[in-house]
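Next up: some structures, all given as structure tokens.
Two complexes come next, and they have one chain in common, chain A, joined by chain B in the first and chain C in the second.
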Partner chain A sequence: MLIDSILSGYGLFMTPMAIGLTLLGVLFGLVVGALPGLGPLMGIILLLPVAIGLPPVAAMGFLIAIFVGGSCGGSISAILLPIPGTPLAAATLFDGYPMAKKGRASDAIGIAISASAIGGLFGGVVLILLAPALAQFASNFAPPEYAALAVTGLIAIAVISKESLLKGLIAGCFGLLIATIGTDEFSTGYRFTFDSHHMLNGFHIVAVVVGLFAISEMAYQTMSDDLIKKPEIEIARPGFGSIFLTLKHWKNLLRSSTIGAFFGTLPGAGGVISSFTSYAVAKASAGPDEKYGEGAEGGVVATESANNSTVGGTLVPSLALGIPGDASSAVLIGALLILGFFPGPTLFEQQPEIVGGIFLVYLASNIFLLIAGILATPLFVYVLRIPKAYLIPIVLLLCCIGTYALQASVFDLFVMLGFGIVGILFRAANYPLSPIVIGIILGPLLENNLRRSLLISDNGYWIFLDRPISAILIIVNIILIAGAVWFALRGKAHSNTALMDKH
Partner chain B sequence: MRIKKLIAASIAAVVISSSAALAEFPERTVENIFPWSAGVAMSVSQIIAKAMGEELGVSLPVVSTPGAAGTKAFKTAMNRPADGYTIFDGYVAPLVLQPVLGNADWTYKDFKPLHSAVSNAFSIGVKKGDPRFKTFEDLMEYGKANPGKLRYSSGSRNNLPHMVIAKVLQTYGVVAQNIPYKTDGDARKDLKAGVLDFSFINVGAYLQDKEGFDILLVLSELDGAKKSYDGAPNITDLGIDTGLSGLAPMGWTWWLVHKDTPDEVADVLREAMKKAMSRDDVKEAITRVGFVPLEWDHTQYDDVVGPVSGQLGAMGNALKWEEEELKKLN
Partner chain C sequence: MTIRKKYLNWLVILFLSVVIAVVFQQIFTSMTEQGIASGGPYDNAAAYPRLIAILIGVLIALQFVLSQFRSTENDSDELVVNIADLRRPAILLSIFAVYLTLLGILGYHLTTTPMIVSVMVLCGMRFSLTTVGAALVISFVLAYAFEVYLKVVLPGGIFSLNIPW
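What follows is the complex of A and B.
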């Protein structure tokens, strides 16, 4: 049945138009992903009007390829500048940029692209083999499970900011507070909107991320004294050897891709949570000699394989149930409907050739990403040779264009600048920035699902323990918190002993 | 005398230049400010925008500006110049319902209509084969016997489906708990998982997964809507009087511009939208998604939207009733 649908879709995919557009989509996706502000969602929205005039598999190939390329493109700017082109790549900063600083920019990008493509292919295999079963499993995730899962994500802050736990938690709480701004879904009341219609939906996450990372980074770079000097960096030519570098981390790759695909199948969870969680798990299970945070290859492998595997994952509920896994797949569903196909169980039964065609374009997108991405890496790395005096204004201009394009809003530019200042202050005081992003993304997920659960159970907290998956997640959370506290206390005891020995 | 000539010449120059500018309208991108998150409804607006852009000779992007039950998009568009370069995607919730509920300080008369766009009927559905509810009456009997125990969703709160469902429940004297969700899809997922007892299902969602739901009640008296749901019973069949007819219990959108937009500019947009809405490819694409393309032009705006506003205003605030009844139970 499955093979049949792939075979029947083969004819629809093997046309010059479908293959050409898939390749074009990957390249376009890489560019919109790498540019700060724009991302896969914006890329798909921009080109939807073009796609709906095309044959169905070619159209879906074009859009899915943008999704795939865009989910990887953000890592390129994260590694080189260091600015995550999309929030998806925020966790790639941790080790990608230190690698670039050590002169391994090409390797870092090569690994990011290879891990993305392999993670994406893994997500694709999951999609093909398990779509209906996984969609069924994901439907067991109701508000109590989402609330418990959001707590797990918040605990990740403790893991990724091991060196400065308290500062990490403070930054995370700041993110949670920022997330409360906007219209309350339940009472429909306005919170901290100060009578401004711009604030009715809170701050746009992309404007916040660009401000926090890009503006603050550019401000710091202007303070360096080599603004005019052309950087004399010997840039090694990347090659397909990066694939082997990535495969060396096969356990990490497999684990992170599994985490990514799992989060993808849960509507509303998304790639940012999956990349941070994979990073946290990879860091926690790595030996001290791997030096996560200082340019560990495993860090890039974990985040990039996870966020691209999530793409395959989000297609599971989208195609099998007709329920979008995230905002980008919501637009893909819209495109599919306009093209005359109704995603859901009937699509698998009645139009297996379209399902097969979509599977094939998804797999092809990841293969094209691997080949085209690695071949194009020298072009990306060329950025490092541009003197800062030219690079900084270009980046700032791109940040402004990308952020304005989100909602055609000047207010978003002020949000970007405001969070730029916040970013500068946080950096100056040595506070990590990523927990803010985790807080902003997980805040509404936690609050709304907690309140939704209590409404469903009529204010009884037992709903969290009555449901088996939720109960298991809560037990895991308790163990993780206990572990984090234990490690923190032990670390403190060690440093106290070391201090006493010194004296 | 010379000064007078100069003033006259200046006025003439301004008039000529402005009329030249008008003659050239549109010179640049025209934007549609869409009030919801990206999804199927936005894709429908993109279909119309693409066709209308082709008629105008410029691109017409649809900008998703969600928030505050659609009012954020309206306020955003209102703060733009009245030059025709900004189109309001005038969904019923921000255009009529929010003002009726006292959450917005405008009425539908504060805008200049271009053309009607699409409508989308709602229904009440349960999980396929739910042994408790074979008919809508079963659902209502259960609700009466278990006040406050039924859980349902209308997607977000305070939207039109919420108001219409609350009105139907009020008619039967059934108090149920509304659970808000970020997207309609999340609500349908929880309905299928048995977390919710019933939910609003729009035509698009029904077409996508006919095997997933049993439609118990179509919230419209129009035959077209009943047909879209394969003949499921509608409010007329069950003799339910919500005081709503025609477009009133449905989702729909009219495209509008700022009231102060010059007539010449509005006419250019009207003409382009009318042409776009009468194109067969546009109608076909909209129908495929389960939406209904509308054919009313701007001259019929008051006749169509006026009664909707009147009916929604007169039906009383069923949302308030629901809230108060739930409070009494707690």
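What follows is the complex of A and C.
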């Protein structure tokens, strides 16, 4: 089944358009990843309107390649500036920048790109082996299991939100509510449409996501004082010898990639946690001569292989269950839905060629990352010199044209602006935005399966406890919330003690 | 002049309270009139949004209560935001809102270059021929890419201004 799926996807991938867009996606991902404040999610969002007009495998190749490139690009600015282009690369700064200060910037960038690509390929192997098995297991799921799983996905994201559990849950529920706007699938009644024909299908997810993330980010960027400053950066030219430098740390590479892939498969965990965990483990396992924090190659290998391996891991629950692991994979699921494909076991059963094509574009993205990343590094360094005063209007215009292009609707542009303001407000008050997107994606899955469960149930909500898998998932949800509350209270008690000691 | 983050949190709570009020207003008016606010799981389209709205209500009440009992010195909610820092984002959003309003009336080509120039000047660039030139280039390159390669017809406005590339 696995081989058949890949072989059937081979034809869809082996087209000049799919290969070209995958390469272009990697390059664009590296650029947005390198630019502080943007990152893979922003890259995917900006080009999502372009992608949804393309053939499915080419479109997914384009977006997944941006995800892959963007997850690595942040390391370039972390090493050279030293400002991590994305939070994913924050741990790369610990050893990447000291390497640059010692005159080894090219080596550091080369190692970061090589480790990212090799870690990403490891994540790809995990994706190819695990996703079909998980989809096979989930093919026995009925509506109660899907409803419980959707709740688990949402709670996991909220629990791991760096802000607070409560704020994460509120944001997630807000997303669930947004997903109810439009025509109800069961009764065909209109909900929250206010007699406007623009609202009959609800808000377009692209308009919402662009507003929440891109518009609010651009507004935040204008608050900085260095909008016209050109950073002074030396040109770095890594060579393919960096691959051998990276492979010298093969144990670290394997261990960190495993950690990355593991965290990727857990909804909500993501690349930031995996890169910091891998760094901590690598540092603890290192010999005394490897001076972590002072420019150790192993530090860069650990963080970069982990955060790119996470991408492969994240795609496992996204493709096999339709449960996004983070905001980026939520947008990828959104893209698949817009293209007319429903992630989950049915995708593996009914459209194996699409699954196979996605596997291939993911692997190709990492190979392109290795080659194009090393060759094109001077270009990314040049991009880092462009003042933000030019980038902000370009991003705003891309948001506008991209969102308008979806349905040729000015209404969508105002939806985007409205959610931009909501995004600014939520960020200012420390509410995470990712759970809103996850809520929008999981909303229809949750509601439809909840109502279907109640329709087939003889005793109402007890159906969720009568079925073993949904009962286990509900117990997991309770444990997740109880654990998060316990950790929050313990953290609070610690900080209060520290405060009392200070006084 | 500064504003405490705690008050921004209250603003979010207020916003969500309005959202909850709208949910119930719609359930009692529009959905009841359509006959989709009662019955079993198939017919009752209001039950699920009502459940979510109640859940949000409980969570924001909890959030509000907790924010009142938090210790003050080490809490991120007690951080302050400088009002002067919000000037540029507010102007940016205003420029953007005016742009979106005029986009449908005057079309892409008449509105985009002034919008880009305004944003660049807001970001600290001098109003000069270079700035206007850069804005024109950005505007036309993106229009060309979308109209020629992606076959998107950009808004022409009341003058139907579209370039036949």
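Operating definition for what follows: the second predicted complex is superposed on the first by the 271 of 503 C-alpha atoms of A that agree within 3 Å, B and C clash if a C-alpha of one lies under 4 Å from a C-alpha of the other, contacts with A are read in each partner's own complex, and residues count from 1 in each chain.
Following the convention adopted for this analysis, contacts are C-beta pairs under 8 Å (C-beta built on N, C-alpha and C of every residue); 3 or more make two chains touch, one makes a residue touch a chain.
Model, not experiment: these values are computed from the prediction.
Participant: By residue count, which of the two partners contacts chain A more extensively, chain B or chain C?
Facilitator: C
Participant: Should A:V331 be classified as contacting the first partner (chain B), the second (chain C), both, or neither?
Facilitator: Only chain B is touched by A:V331; chain C is not.
Participant: Go through the superposed model and pick first if A:C173 touches only chain B, second if only chain C, both, or neither.
Facilitator: A:C173 contacts chain C only, not chain B.
Participant: Just to be sure I read the superposition right, which of the two partners does A:L200 touch: chain B = first, chain C = second, or both, or neither?
Facilitator: first
Participant: Who does A:G322 touch here: chain B (first), chain C (second), both, or neither?
Facilitator: Once the two structures are laid over each other on A, A:G322 reaches chain B alone.
Participant: Touching A:L455 in the superposition: chain B (first), chain C (second), both, neither?
Facilitator: After superposition on chain A, A:L455 lies in contact with both partners, chain B and chain C.
Participant: Thinking of the overlay built on chain A, is A:F487 touched by chain B (first), by chain C (second), by both, or by neither?
Facilitator: neither
Participant: Quick one: classify A:F186 as touching chain B (first), chain C (second), both or neither.
Facilitator: Both: A:F186 reaches chain B and chain C.
Participant: With the two structures laid over each other on chain A, which partner does A:F137 touch: chain B (first), chain C (second), both, or neither?
Facilitator: neither
Participant: Considering only the touch criterion stated at the top, classify A:A408 as touching first (chain B), second (chain C), both, or neither.
Facilitator: Both partners, chain B and chain C.
Participant: What is the shared patch of chain A, the residues that chain B and chain C both contact?
Facilitator: Residues common to the chain A contacts of chain C and of chain B are 186, 190, 408, 452, 455, listed in rising order.
Participant: If you look only at chain A, which of its residues touch chain B in the complex?
Facilitator: Those residues of chain A that touch chain B are 41, 45-46, 48-49, 52, 139-140, 142-143, 182-183, 185-186, 188, 190, 197-198, 200-202, 267-268, 317, 321-324, 327, 330-331, 333-335, 337-338, 340, 342-346, 407-409, 444, 448, 452, 455-456, 458.
Participant: Please give the residue numbers of chain B that touch chain A in the complex, ascending.
Facilitator: Counting only chain B, the residues touching chain A are 31, 37-40, 42-44, 46-47, 49-50, 61-69, 71-72, 75-76, 79, 103, 148, 151, 156-158, 177, 179-183, 185-186, 188-190, 192-193, 195-196, 204-205, 207-212, 285, 288-290.
Participant: Applying the document's contact rule, which stretches of chain A touch chain C when the two form their complex?
Facilitator: Spelled out, the residues of chain A in touch with chain C are 50, 53, 166-167, 169-170, 173-174, 176-177, 180, 184, 186-187, 189-193, 215, 218-220, 222-223, 227-228, 387-390, 392-394, 396-398, 400-401, 404-405, 408, 410, 413-414, 417, 420-422, 424-426, 428-431, 447, 450-452, 454-455, 495-496, 498-499.
Participant: In the complex of these two chains, what residues of chain C are touching chain A?
Facilitator: 5, 8-9, 11-12, 15-16, 19, 22-23, 26, 30-31, 34-36, 40-46, 48-49, 52-53, 55-56, 59-60, 62-63, 66, 71, 73-74, 76-77, 81, 85-86, 88-89, 92-93, 96-97, 99-100, 103-104, 112, 115-116, 119-120, 122-125, 134-135, 138-139, 142-143, 146, 150-155
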